[in-house]
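Next come two complexes, and both contain chain A; in the first it sits with chain B, in the second with chain C.
And then the complex of A and B:
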């Protein structure tokens, strides 16, 4: 080992040690707690977790999956307008608008939505005042819909930021050529622009998927009742019963969901490398 | 002719933009209204009486909120100190020195962010309990620092990588020691990027809820925990004012991020 390598490892070691102590060690702890009972390897905790929380497992996947799809649609639409619109003022205003929720903490977003989406929240009140809704038609959206709306509101700006950035750095000539040949802007977006920024979109969506899977505050604040997300169930098992084995089994199930997202990303990446002949 | 054809299109654009603005600012407006509403109940669409009574409650020097603000800022500052202490050497090594498994080391720092954090934090809390670290500021700082390490290390590495090597070589050629070169040339030139990473870590720590929820309670109360408890207790005024205190630095950072993070540094993040 050269001197420079030894020095490099020495400089990185303290930071790596912190990750080992506060991530790898607890991760090992959680796996052991989930897969053993009475000192032996056992799946008993998973049986209990599925028995009690199978609805919430499906519910978590559906909420995070639906949010990811909606975030993708919103982001493609907004970045498409930002890239292809010929109306200067529209692009300028939209650019200033979309970023606001970018760094707003989830817990603040949760508090905003807890009031905004309530039966007597500002959203319903505005619609009633405008005559769009009758007061008897208003409903509270503080359930799974509220969680999805909060996630889209909070995460879409991040995906738009990455996607619009990738679109802006594309070679304009292919887009111009398609437009000159008479392709509509929608068609240019779907057939010319999107395929070239697919990688960026996928990375941003995978990151958002994993982030949403870990959020505890939003489901607790926006939707108080059952069914709820796995993060809330884990917190409940710990705080109400001190039941670490079941909580950790639920934790391993959420790792598995993350692993699926990571696998989709890696598979796509490999496929692209193969196509590029690498 | 064109004007007549453009008019419906322009109306549609303005309508769409208005709807988008409502979706973005509606929830924030509701938060603002609650923060200045002294009384607000159904069926009233807007607050019945406005006032700053709850602001006085929050900003009373002896109140819970000021204590929580103090704790939050103190924890965030300590977290920045810990992460800079770890990330400056690590970032320099990743940018300038020959490291085996460099890509793997970069990924390791991403892991705490990429894993479902609740499952990790419940076990951190358990380990900390045996070490006597639960409910202490040091425990919370360690959790926040580990969580923010991906920003501080990745951005520090990018900032060092963006420093012109020729300047370092020139300093070495006129006889400066490697250490002196680092402190007089490399570090000052990388400082803007490192400040950006420090701001990231500071905000992450200020806004962090889940880790503090499991590791800090009941002794350590930060602003996000105060906000959560006030909101669950139905005290929307206190919750909204606390949320606004957390909101201001986040929005300012969003507005000015491009000044802190130059694109030549940004393009090297994660490479």
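And then the complex of A and C:
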């Protein structure tokens, strides 16, 4: 082993030790607890998890999936404006505004949405006082819609930050060529810009997907508990019954969901590397 | 030089630590939220110190909920296992479940018969903590109770029973809200009351003995609850129910009585809101004062509890300050409270209502069965 390799290993050792102690070790424990009962390998905890929480598993997947799609649309639209718009003030305002939610923790966002989205909350009251809505027409959004809105509001800026950055570093001549040949801005966004930043978009969306899957405060604060997301069920399993094995089984189910996201990402990554001849 | 300095520092530190011990320290450990610690530190402590010169009251908070009581239990159990002669806590304030366990493991002392106020207690929870006999070992500090809060402007004929409530909810869809069972205890209490009302023998659930087959008999009750939920709003948490009542989005919902009055005092609920205790009963729970079996200051501890459960302190501290129900029989408070406070606490729910329809939570194994059956048959 050369001197530099040894030094390199030494440098990464603390990081590796941290990952091992704080992630791999507890992960191992949680996997063992999920797959064993009374010292023997068993799927009993998974049977229980499906028996009690099958609706919540589907609900979680739908909420996070829908949020990811909406985040993608919002961020493409906003990044597109930031990159292609010729209206100077719009770009300036948008640039200033879009990052704000990044600095707000999920729990604060949850607390704000709880009063903002309620039937007689800030949003509906504003509509009513503007004469847009009649008080009898207002509806509460404090259910699955509230969770999706909070997630999109909170995660879209993160994706925009990465996506707009990637778009800004593109070779602008490709865009200008398209525009010169008469392509509309929308068309250049979809056919010229997006394909070049697809990789960045995918990475940002996968990261958002994983983040949203792990949020406890938002489903807890914004929506009632029926149905609810798996994080709430895990917390309840532990707080009400001290039942770690079933909570761990639920944890493994959410690892499985993240694993699907990671697999899509890796597959795409490999394909691109092959195409690039690497 | 450095040695000398360290030595004198240690000496000074030792003296500082030893000083209060010489002057009698009463260590009070309390589970529950910060308001419990403040109640002892800022209210009971100074009062007791004034009445007993030379005594210092030290309040220790161990955290909210059953896990706070769990920590007190762990400490006492460890000191018992280590065969320590004098244990660190003189007075503890704990929830029902762990108090029962501490009594059955011999961690607490029998003291209630020795104090004057012991005779003023009438509640069944003073003798029975979720199925464990705790007679003589505990004094209820307060009783907190769940009830249905409603807006009289929106509810003309107020349901008096669970069955009437179910009909009302059908006639007024989405006007009743509760927080399910994962968003706090007021929803848990409502669901438990539902099983008491429609699930068969409620007495057995509250007193035992436990029989694992009992839960099979709740199926009809839970199917009905699932149908009821179709007409109800599931709110986000105990505070979520109160919020929605405040904004007029729902007309009725289960709440903790103390939270209800505290919110109303803070102007966060309309002052015309009212409470109703549904028959055949909704659950509530006390917290207990108890003395560890080998408390260093056992006599002082009993004296402290006697003061804390005296009618005047119960009236001023428990009822007036925190809107809880007294731990001792409410009849002994009459005359100690100003008329307005008395009226407020006992107008909607009369002492008669409370003695008839205030129920304890079920014994621990039935409690878990109710929650899990709800998850399986109602929520999923």
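One rule holds for everything that comes next: the second predicted complex is superposed on the first by the 263 of 278 C-alpha atoms of A that agree within 3 Å, B and C clash if a C-alpha of one lies under 4 Å from a C-alpha of the other, contacts with A are read in each partner's own complex, and residues count from 1 in each chain.
Note that in this section contacts are C-beta pairs under 8 Å (C-beta built on N, C-alpha and C of every residue); 3 or more make two chains touch, one makes a residue touch a chain.
Keep in mind that what you see is a predicted model, and the values were worked out from it rather than measured.
By the touch criterion stated above, A:129 is placed in contact with chain B alone, chain C being left untouched. Within the superposed three-chain model, A:241 lies in touch with chain C and out of touch with chain B [touch as defined at top].
Of the two partner chains, chain B is the only one that A:231 touches; chain C does not reach it. Once the two structures are superposed, chain B and chain C can be ranked by residues of chain A touched, with B on top. Of the two partner chains, both chain B and chain C are touched by A:121. Look at A:55: by the touch rule set out above, it reaches chain C but stays clear of chain B. Within the superposed three-chain model, A:4 lies in touch with chain B and out of touch with chain C [touch as defined at top]. Contacts of A:221 after superposition: both chain B and chain C are touched.
Within the superposed three-chain model, A:97 lies in touch with chain B and out of touch with chain C [touch as defined at top].
Shared interface residues of chain A (contacting chain B in one complex, chain C in the other): 114-115, 120-121, 220-221. Interface of chain A with chain C (complex): residues 51-56, 114-115, 118-121, 140, 142, 220-228, 232-233, 236, 239-241. In the complex of the two chains, the chain B residues touching chain A come out as 13, 17, 20-31, 33-34, 42-43, 45-46, 85-87, 89-90, 92-94, 97-100, 105, 108-109, 111-112, 114-127, 142-143, 145-146, 149, 153, 203, 207, 209-210, 213-214, 224, 227-228, 231-232, 236, 239-240, 243, 246-247, 250-251, 253-254.
Considering their complex, residues 65, 179-183, 229, 233-237, 240, 243-244, 247-249, 368, 371-372, 375-376, 378-380 of chain C touch chain A. On the chain A side of its complex with chain B, the touching residues are 2, 4-5, 7-9, 11-12, 14-16, 18-19, 21-23, 25-27, 29-30, 33, 87, 90, 93-94, 97-116, 120-123, 125-126, 128-129, 135, 153, 210, 213-217, 220-221, 231, 234-235, 238, 244, 247-248, 250-252, 254-255, 257-258, 262.
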